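Pasting the structures here.
Below are two complexes that have chain A in common, paired first with chain B and then with chain C.
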Partner chain A sequence: MATANTSAYVDGYPEVVSLLCGQSLPWLQQQRADALLQLTTHGFPSLRDEDWRYTNVSAIDKKHYGVALKSASVAIDSDWLKTYQLADAWSLVLIDGYFSAELSNLNGLPEGVTVVSLAQAMQDTHYSALIEGRLNSAVESTENGFVALNGAYFVDGALIYISSKQVLAKPIQVLHIATQELAAINTRTLIVADELSEAQLIETFAGLDCAYLSVAVAEVFVGQNAAVTLHKVQVESDKALHFGGTYVKQARDARFRHDNFALGGLLARSDVHTDLEQASECELNGLYLGVKRQQIDNHTRINHLKPHGISRQLYKGVLDDKARGVFQGRVVVAEDAQKTDSQMNNRNLLLSNDAEADTKPQLEIYADDVKCAHGVTVGQLDEKSIFYLQSRCVDEETARNMLTFAFANEMVDKVKIKSLHDLILGQVLTRFPQEGINKEWL
Partner chain B sequence: MSASTQEINNLINQEYKQGFVTELETNTFLPGLDESVIHKLSKIKNEPEFMLEYRLKAFRHWQTMKSPEWAFVKFDPIDYQSISYYSAPKRKEDGPKSLDEIDPQVLEAYKKLGIPLDEQERLAGVAVDAVFDSVSVATTFKGKLKDAGVIFCPISEALRDHPELIKQYLGSVVPHTDNYFAALNAAVFTDGSFVYIPKGVRCPMELSTYFRINAANTGQFERTLIIADEGSHVSYLEGCTAPMRDENQLHAAVVELVAMKDAVIKYSTVQNWYPGDKNGLGGIYNFVTKRADCRGDNSKVSWTQVETGSAITWKYPSCVLTGDNSVGEFYSVALTNNYQQADTGTKMIHIGKNTRSTIVSKGISAGKAQNTYRGLVKVLKSAENARNYTQCDSLLVGDQCGAHTFPYIEVKQPSAQVEHEATTSKISEDQLFFCQQRGLSAEDAVSMIVNGFCKEVFKELPMEFAVEAQALLGLSLEGSVG
Partner chain C sequence: MLSIKNLHVSVGDKPILKGINLEIKPGEIHAIMGPNGSGKSTLSHILSGKSGYTVTEGSATYQGKDLLEMPPEIRAREGVFLAFQYPVEIPGVSNVYLLKAALNSIRKHHGQSEVDAMDFLTLVKGKVRLLEMDEKFLYRAVNEGFSGGEKKRNEILQMAILEPKLCILDETDSGLDIDALKIVSEGVNSLRSSGRSFVMVTHYQRLLDYIKPDFVHVLAHGQIVKSGGAELALELEEKGYSWLEDAEASA
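Let's look at the complex of A and B:
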């Protein structure tokens, strides 16, 4: 079983170290050194790792990805950018991992709200209390080889801070754009929402038509009674490899929701881990559409650490051609976490003979007074529903399209921000495995 | 369900009742494992040459393997050199010809277990093969079965009398390279049952094997091979017990089932190995590989298991659904109490067209036990219209136990329909209150609710076993309520 080789990333490190942010911070240098050591000793995950048994990462060996240089970025067409950048949101744009002030739109942020490039924030002692002690505390480089790679290599990213009782009127978007062939893009996002705050955040990953490696790690700290929604719209180029991890710590009574629209990438994996304190709630949703030879993975881990936590998961996949969809969900209910209420659902629709769905919904329960359930289905459209539509004079092909679209649209409809909803719907429609979706159905 | 609280109290104070030791003169190998042990074993069994070669091949392969660590169980490494690989009650050189020649103490031991080997006393319609430590001591109703054409005998006897069948089928479902414990078993297995049902025969009675570990410091490695030829039908039961000892004993069995065209095999297990004491001391390590190959079209294999014993249970009775329209079923109740650990489930591999499988698993965890369901449903590209339904429910009794579910679902065929559902809950206060309000004691109420929880599985068991299983459930839950 081939294990992807890390030597190119380890040996090349001294050459690129001057590009990395936070040079002046000794604690960060130590963390980077630890991450590199972790990557050196443990390498990238292999199929023998239980959490990676369906994700073969040996594809990163086939090409040599090097750290993207800021100067090498390709100019971006502004109309193209507009398809991904929301007009009614504050946005922070990262081109090949580096912050672009010209393209970003951060005017009129209310007082108490910070949206800033992580590299800039690290040079400003004003932010050091926010960053130090939080960075690398929601996830450690021991998590897996890609988190370690990211920990050693991240060049920039975003710092988002919402002070207590602040309720954001507009969403904040972090837009990751890749422009360079064979670039390895490592970004880090740190999100801190203080108590009683509310925010809608969007992470968008898009790229020009080229092959690149995108590794994005986000750490989210949701304070007591705060509510954070994070929409991830992953529309990477169809030659790209994407490894995204979102690691969340929820304080007491905190609410967190994550929606992942995974549409792009040749191999795209998304990990969402969250730790729930007393009475905190989380909702994780996902929609993945796979066509051609795409592999799209969703991995979740929910740790119920304290009583009265609630978690909900719904992941839906539509897989066509030779695409493969993977869902691995894990809910752990600790001994203390009585009265936990957890539900996990994964539904897969296979449209072609060569498509594949692998799913592993796991429950690990150490408390007795809990309600935990999970359900999984893999199959086709309901023949009765098709018959019903046919009996109403809808031809079979249209009926199938309608039902397939409705299956996916349930997830799109959960997005309440109008502009984002339209953006996602547009992306879903262009990437939809079947043609002939009628706009009148919407 | 028990009739009164008094009876429950009696039950609570009751020990593991099969925990006695039978004092016997035995032939036992010194502990240790190397090729000479395998040569000796093969010689003592009078095996044909090909068998010795098979064992040595397996042993050499086993030496290259490492003990697997992926299961959700914890135990200290096993010292395979401190186990004795053969122990048999002493007997006349050429073995007993009839029941009269069996050591009366062995007969007595089986009587105490409620398995009298005397054919007259036996419940009509069940033939028993009794395996005591490493050897089969008796097989009942041989004559009657022979008239029907059914071969039911110890596997060591089959090796001598039907080598062609053994050569053809042994290791064809579970190859010696399959896993660590299967390789070990292939190298050192001592006895077990062999069943062959010829074409078109419906086996006239239930077949049953009763396994008993008696000697200390031994491991039991039995091998069961059941072949159901075209259009045949057989129902097979398996039961097991062991004495109470402070050390852990290893039981690493392999069971292979082959179902040809239109054949039906029903395999039921009531596993009641010694589970260790209240503090988790002693008990059997039950590391078993069970697999059925539905080779022929329209064949059907049904596994039913009630797992109440063993310190650690680690087994996945599986079905390889090769034939078109073949059917695999798995019904399981796994109960763990005190410090017991169970990691059990099934694998359903859909290869043929229109194959169907059903999985119903009920896990009950009490005390400080850990109970894990682990199952794989795999639908290959060739398995058009495959259908699977999985339901696994866990019940937690007490706040220090754990219940875990690890289902693996891999589908490569769009016309397949796979459904999985799982729930975890405890006995609700409302249910208990309702029963108590109707005059039932708390213990009776729990027993009734638990039995109701398991009913779906129990109804699959043959009648005699269903009664035993219900009684066992009450017994194993003792001390965990209220």
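Let's look at the complex of A and C:
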């Protein structure tokens, strides 16, 4: 098995340096140089890496993806954009990785809340204290080749800061839109929620009908007793490659929830890592729907570092045709993390004989007084249920769609932001159509 | 309404029903009784279209049409209703959603327009009261977490709303306490009409105290070994099934 080649990205780097943000920050230049070195030395991950044993990334070798130029972006239809841009949220829009002030909606942000382009923030000393020391500190420098690629190459992104005791009235959305064929789009998002703040955040990834490479890294710092919910809605083009990582640091008593909807992309991989300090809680939810030849991978890692932490994970997958889904969940309970309470569940529904689900829950427990559980299922639709619905006048195809939809809808239902809920519900219903459905009754 | 002639049914190579003959006219209530393993449930399954059974001989004609040729949902839309012995739990699908999907399928099948949302709710809520159910049931997932009695009541609720012509009750009394049995029976009795027929499959005579059948048939070893009026059920209660099985064996 050949390893995907990084040389194009390493050799081509000097040509694109001028496009990158934060040129005036020496510490950032050092980090970028380190990342490039990491990419040069270790390359892209291969199937020999334990965390990548189910993810063959050689697809990136089949096409040459070049750094997107801002000037080459394709105009976007405003109705198309409305499908993804939530009307009742503040939104920061990135087109091919670059901030678009015209398309963003950041009016009326309360005092003490910052939502700004990362590239702009890096030119403003006002934000230096927020960025320096935090950027690249939640993500491990040796993480993987795609994080390294992102670290070297990111052109822009978002900085979101919620000051202490702020409770956001509206959600904040970072909307990533890809418009260019063969574009390599590297973005970085930095989220800082100070103590006792509360926020609902959304990352949405969508694209026009073209082949591109989207690499997005988000770092989230949840302060003491703060509560952050981050929704990731990945509806990339069905020709796109998506590598997304969310790296979280939770302070004492912090609560973090991640709702991960992986619906698009040809090959889409998502990593969610979080470190829990004393008595902090995290909830990681996921739904992945694969059709045709899609491969959708989800990898989570929860590090319980201190006592009394609570973690809950539920990932559900529906795989049809020749699609493949992967769930690798790893929970590490440090020696000091006594009284940890952790549950991990992964449920897969296979709709075709050629679909595949690979699931691997891992518990590493170094403490002796903990409660940890995990459960995994891979199954098919229940024939008894199908017959029951048929005996109630529902044709077989609709019955199958109703049951599949119901399986997936458990995850959709967890989303409490109405516009976001409707967006995701619409996407899921398109996959599993049911005639005359009344959304109010679901 | 329903005419079953010389019906033979196998599961795999094993014959279960060995020549059933049954005529059911509109408005009649027939009770099918018999010991465990006699083929009672197979009969209700084959009539409602459950897969896994092979008809090797004979026919079942429903309102002049070949019932056995129809897929289960077409039978249901044509007015055949099976009340399940073990109603299936369907997490994530609410009762009210299933009811509306079912009712609209029937209406579409008969060339009618979709039911108006307000009319539908009025209809459903009326039936809910009739069966002494809580309206909250409507918005819960189908049978999920329901007690045995609630599940059976839910079956009768569906029946009351879909207004079938031929109702097959498969062991409806199993798992019911006496109060639930009364409510379910009253629900069934309120649905009796000159145009609607019932086939009640039951092991015990108890249900027949509340729903009086016109005919009682005893099924043993895949055949109807005795038919009679309501009084036959009482005789079975007293003597058990063995005298009939013995009689059949010696015949």
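The rule is short, and it goes like this: the second predicted complex is superposed on the first by the 420 of 442 C-alpha atoms of A that agree within 3 Å, B and C clash if a C-alpha of one lies under 4 Å from a C-alpha of the other, contacts with A are read in each partner's own complex, and residues count from 1 in each chain.
FYI, a residue touches a chain if its C-beta (ideal position, glycine included) is under 8 Å from a C-beta of that chain, and two chains touch if they have at least 3 such contacts.
Because the structure is a prediction, the values reported are computed rather than measured.
Colleague: Quick one: is A:Ala373 in contact with chain B, with chain C, with both, or with neither? Answer first, second, both or neither.
Modeller: After superposition on chain A, A:Ala373 lies in contact with chain B alone.
Colleague: In the superposed model, does chain B or chain C contact more residues of chain A?
Modeller: Greater contact footprint in residues on chain A: B.
Colleague: Looking at the overlay, does A:Trp80 come into contact with chain B only (first), chain C only (second), both, or neither?
Modeller: Touch partners of A:Trp80: none, neither chain B nor chain C.
Colleague: Between chain B (first) and chain C (second), which, if any, makes contact with A:Glu335: first, second, both or neither?
Modeller: First partner only.
Colleague: Of the partners chain B and chain C, which touch A:Ala357 in the superposed model: first, second, both, neither?
Modeller: Only chain B; A:Ala357 stays clear of chain C.
Colleague: Of the partners chain B and chain C, which touch A:Asn348 in the superposed model: first, second, both, neither?
Modeller: Touch status of A:Asn348: first partner only.
Colleague: For A:Glu50, using the defined touch cut-off, is the partner it touches chain B, chain C, both, or neither? Pick first, second, both or neither.
Modeller: first
Colleague: Taking the stated contact definition, name every residue in chain A that is touched by chain B in one complex and by chain C in the other, in rising order.
Modeller: No residue sits in both footprints.
Colleague: Using the touch definition up top, name the residues of chain C that touch chain A in the complex.
Modeller: 48-51, 71-73, 75-77, 81-82, 84, 87-88, 90-94, 96-98, 100-106, 109, 114, 117, 139, 141, 158, 162
Colleague: Which of the residues in chain B end up touching chain A in this complex?
Modeller: These residues of chain B touch chain A: 70, 379, 381, 394, 396-426.
Colleague: Across the complex, what residues on chain A touch chain B?
Modeller: That would be residues 50, 335, 338, 348, 350-380 of chain A.
Colleague: List the residues on chain A that touch chain C in their complex, please.
Modeller: 382-385, 387-396, 398, 402-403, 405-407, 409-410, 434, 436-438, 441-442
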